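I've put the structures underneath this note.
Look for chain A in each of the two complexes below; its partner is chain B in the first and chain C in the second.
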Partner chain A sequence: MSLQVSDLRVHYRTLKGDVRALDGVSFDLADGEILGLVGESGCGKSTLGKALIRMDGRMRRTGGTVALDGEELPIDDDRRMNDFRFRRVSLIPQYAMSALNPTRKIRRLVAELLRSRGAAVDPAELESRMAHVGLPPAVLDRYPIELSGGMRQRMVMVISTLLDPSLLIADEVTSALDVSTQKAVARALLGFRDSGYVKSMIFITHDLALTHHIADTIMVMYAGRLAEKAPADVIVKAPRHPYTRLLLDSLPEVGVRYADRRLDGIAGSPPSLLDPPAGCRFRDRCPLAGEECGEDPPVTELAPDHHVACWKA
Partner chain B sequence: MRRYFRRKLLVYGLTFFVAVTVNWMIPRFMPGDPVASMVARANMTQPQAVAAMRAYYNDLFGFDQPLWQQYLSFWGALLRGDFGLSIWLFPTPVGTVIADAVPYTLALVVPSVLLSWVVGNWFGAYAARRRVLDNTVLPIGYILTATPYMWLAVLLAWGLGVVAGLFPVAGGYSFSMQPTWSWAFLLDLLHHWALPFLSLFLVALGGWAIGMRNMIIYELESDYANYLSALGAPSRLIRRYAFRNAVLPQITGLALQLGVIVAGALVTEIVFAYPGLGSLILKAIQNSDFFLLQGTFLFIVLGVLIANFIIDIVYVVVDPRTRAGMAGADA
Partner chain C sequence: MLRLDDVTKRFRIGALGGRSLTAVSDVSFEVAPGEVVSLIGESGSGKSTIGRMILGLQPITSGTITFDGRPVRQGKEFYRGVQGIFQDPFSSFNPVFKADRVFAMVKDAYFPSVPGPEWAARVEDALRDVRLNPGQVLGKYPHQLSGGQLQRLLIARALLLEIRLLVADEITSMLDASTRIEVLNLLAELKSRGLGVLYITHDLSLGTYLAERTIVLRRGSVVEMGPTGQVFGGPLHPYTRELLAAVPRLHQPWDDATPVDTCAYHLNGGTGVLAEAGSGHFVACARLSTCQ
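After this line comes the complex of A and B, so read on.
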């Protein structure tokens, strides 16, 4: 088991009170598994990604544990977490196109970063990994500003995985790209996993159809909680949670991604995470909602590897 | 790259041309008749002698020629490095008068500009990481930049000069001294230099420190800094990048501020009766010495333009972004 998250609770401290962005999330990630993480905007996807590598100043863990390869991650101890970052857990950020210092040539930038982490550059390995994502070695002698946005993003993909991390978090890496480039990036990420550059991966996106192409497992989140998690095919073909079904219905045809169709086709909006109501958080929008939904539905394993949090599933 | 510099040179050349023309015009249309004032100073009573002297000066300065010819010969003389003769210190050439004053102005402007820039940047960068320091540096910095040069100069002259008696408040050196290469004279020079230098340095310092602090904070919140932190890079590396990237706009700032600082230096010189170009301008105005005025203005304009050009070159050398932008423009 590569990653084990159990009952993780992460809140944002704000002036109005705690925003419960992650409110008891548990899941496992096997070695070599790619987990697609989907859900409406604001459901806590990025919060989960950040919690696993670097929490920002306003985030607090209020409960739960995270273990990577059997070792507990000190996610709220910035200093100790540093040992894990880059080497064991790495990140391709949403802002990958602007993630490189514009005034350093790539070669020097990579060398300085690796040296600062006590690692050395293996030029042959670096160039072969760049070739893997279609970047010529000449890129090393350019400044980031001399590269196109797509090239910069691919360079960040190479850099982030240079130390062969166990877990890679890819947050919305395809959102800003056109459809054909999205496919190329998704293929490159699959290649990273298949070449053993990364062991397992969490692929965060709005795009259920694209996730279906690359993920082994899909996890659907709703308002800071897990709604459903199952093998990708099962989620797409036999979803059990009403929210997942509505998500799929809002896509015209599974497996085809129509331009700019996003996961926003469901009437209503999720509850505020500042002070969420008791019971199932999807209740206000759920067509099946009933009496029992006033209590929190537990996450149950309906079939092997198929977890659902719904009384009526 | 070459096109960039050609364009810059053209802009600077045009600026210089306009400056020369304006400089030629202003004193000529300024109230006050310099020849009359010279004649008056010679204290002559006989009308014939006065007329003769008038003719002599008019001929010497070329006032009897039509304006366009005066303008052309002005350029001709300028290109030969001939600024004419000073009226105030007649018959010393304006070039000599300026050459005597320039070292004083340079001795004030160059160290105060460079030191305030270096110290200010260092201070601002340091303040950006220390809360306590930040809370003190920021208000002090704002007060300093908001202070007019003249005001701070007067304040320092009064406080450290008149009240505390630590420094002399006027002149480049003591009246009792003769310029020589002796330690005593050099010390005396330094003693007189301290206050005007300090007032220039302090006003500029605040601006640089605030600018740098804000730039560093901006850089530390940028995407590349976040990415590096997420990969566990030590803050030493991140700060190094941030500092370098934050210094770049400060270089442009230096180019933009140079004119203001030089103007401030001129005013400060006047406050301290420091024998540089600023005092020269005052003297030239008081004596309707427009050759001297023209010469001094032109010298200052030329100096600022050259300094700007040097900063442009430095900027292109240190910031790859401008180079990349230029390569794009050339392609």
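After this line comes the complex of A and C, so read on.
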């Protein structure tokens, strides 16, 4: 088991009180597994990603534990986490396209970065990994501004995984890319896992269709909690949580026309996490909601590896 | 209603503007009332530049853009009929103005003679048209509203002007899946009331959902355009095929479109001349006759 998260609670401190961005999330990630994390904005998916590598000043863990390869991660100790960052847990940030120092050529940038972590560059290995994502070695002698957005993104991917981290967090890495570049980047991520550059991966996105193509397991989050987690095919073909179903129904696909089939969004909006209501947080928008939904639905395993938090499932 | 003829845009680049970059070259198309035309292309294809030129925000290098037969020119008269909405609703609003002030500014600029109570009723009607509860959004600052609400407020503001053409540049790309489709359904309703929409996007599935006609741009040129069903049902240009193959779909594996190796587009990156391949279906492929 590569990663074990149990009952993790992370709150944001604000002037008005704590925003419960992550409110008791538990899941496991197996070796070699790619977990797709999907949900609407504000559901806590990025907070989860950040909590696993670097909590910013406003974030505070109020409960729960995270263990990586059997060792507990000191996620709220910024200094002790430094031993894990980059080597054991690494990140491809959402802003990967602008993450490279504009004043350094790529070769020097990589060398400096590795030196700061007490590691040295193996030029052959670096070039072979770059070839893996379709970057020629000549890229090393260019400035970031001379590369296209997709190339910079792929360069950051190579750099992030140079030390073979156990867990890679990819936060919305494809959302700013064109469809064809997006496909290449997604394929490259799969290749990283298959070549063993990274052991397991959390792929955070709002794009269900894309996640379905690269993730083994998909976890759907809603308002700081887990709604449903199951193998990717099961989520897409036989979802049990009403939120997952509505989300899938609202996705336009190529070929679906308004004139032929009208898609519907999900009316309403998620509850405020400043002081979330008791019970199921989806209940106000849920067509199936009933009386029992006033109580928190427990996460139950309906079938092997299929976890759902819903009374009606 | 809106007509573009051989529109070209060149930007001067380099330190002293010595070099030039052709962002849009010889683009021609029309948008009729009650028609949604989607303009699809990847980054750098010139799709937003076309939108900005239609809105008069950027001068045209050559060619003409006319609205109701008159050339596009900045000014009240023009903006009463044509409005643009852009990708980021958060930066479209002045953060220190409450939502009602945004509407009050429209009144001051365009309808100074309308009495207050009547204006308030119009604002409420427009808000209901975009499925917003006036009580929930008026009196709020932009940061208190969600992206979907803000984007709908912008549409409501455009509706108050009784516009006939909306240039929608990536208006749903910052929205969540569940609200995105509501904005699209809203556009579809407005369309049935006669609003023409130029829907600019890089997302092929969103483009096909609404549009009667689709225009695929590549490096500033139109490579394929025609009725949406034909362009996406039977794409003729290899670039359109590639784009379609790259879209992730839920119930299908990603197919590997093997690039046609005898294709002129792949050999020299050039495109052919736009030629009619079916009724209203135009393709710029030098090898159209042999590829089919």
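The rule we apply is simple: the second predicted complex is superposed on the first by the 300 of 313 C-alpha atoms of A that agree within 3 Å, B and C clash if a C-alpha of one lies under 4 Å from a C-alpha of the other, contacts with A are read in each partner's own complex, and residues count from 1 in each chain.
By definition in this document, contacts are C-beta pairs under 8 Å (C-beta built on N, C-alpha and C of every residue); 3 or more make two chains touch, one makes a residue touch a chain.
Given the structure is predicted, the values throughout are model-derived calculations rather than measurements.
Trainee: After the superposition on A, what does A:Leu91 contact: first (chain B), second (chain C), both or neither?
Mentor: first
Trainee: Is A:Ile145 touching anything from chain B or chain C once the two structures are fitted on A? First, second, both or neither.
Mentor: The answer is first: A:Ile145 touches chain B but not chain C.
Trainee: Tell me the contact category for A:Leu113 with respect to chain B and chain C: first, second, both or neither.
Mentor: first
Trainee: Using the touch definition from the top, say if A:Ile266 reaches chain B (first), chain C (second), both or neither.
Mentor: Touch status of A:Ile266: second partner only.
Trainee: If you stack the two complexes on chain A, which partner ends up touching A:Asp178: first (chain B), second (chain C), both, or neither?
Mentor: After superposing on A, A:Asp178 lies in contact with chain C but is clear of chain B.
Trainee: Name the residues of chain A shared by its contacts with chain B and its contacts with chain C.
Mentor: In chain A, no position sits in both the chain B and chain C interfaces.
Trainee: Using the touch rule from the top, collect the residues of chain A that touch chain C in their complex.
Mentor: Residues of chain A touching chain C: 40-41, 149, 178-183, 186, 206-210, 212-213, 236-237, 246-248, 250-258, 262-266, 269.
Trainee: Residue numbers of chain B touching chain A in their complex, please.
Mentor: For this pair, the touching residues of chain B are 222-224, 226-234, 236-237, 241, 244-245, 248, 319-321, 324, 327.
Trainee: Write out the stretch or stretches of chain C touching chain A in their complex.
Mentor: Residues 42-43, 146-148, 176-182, 184-185, 188, 202-206, 208-210, 228-229, 232-233, 242-244, 246-251, 253-254.
Trainee: Report the residues of chain A in contact with chain B in the complex, numbered from low to high.
Mentor: Counting only chain A, the residues touching chain B are 53-54, 81-87, 90-91, 93, 95, 98-105, 112-113, 116-117, 143, 145-146, 156, 160.
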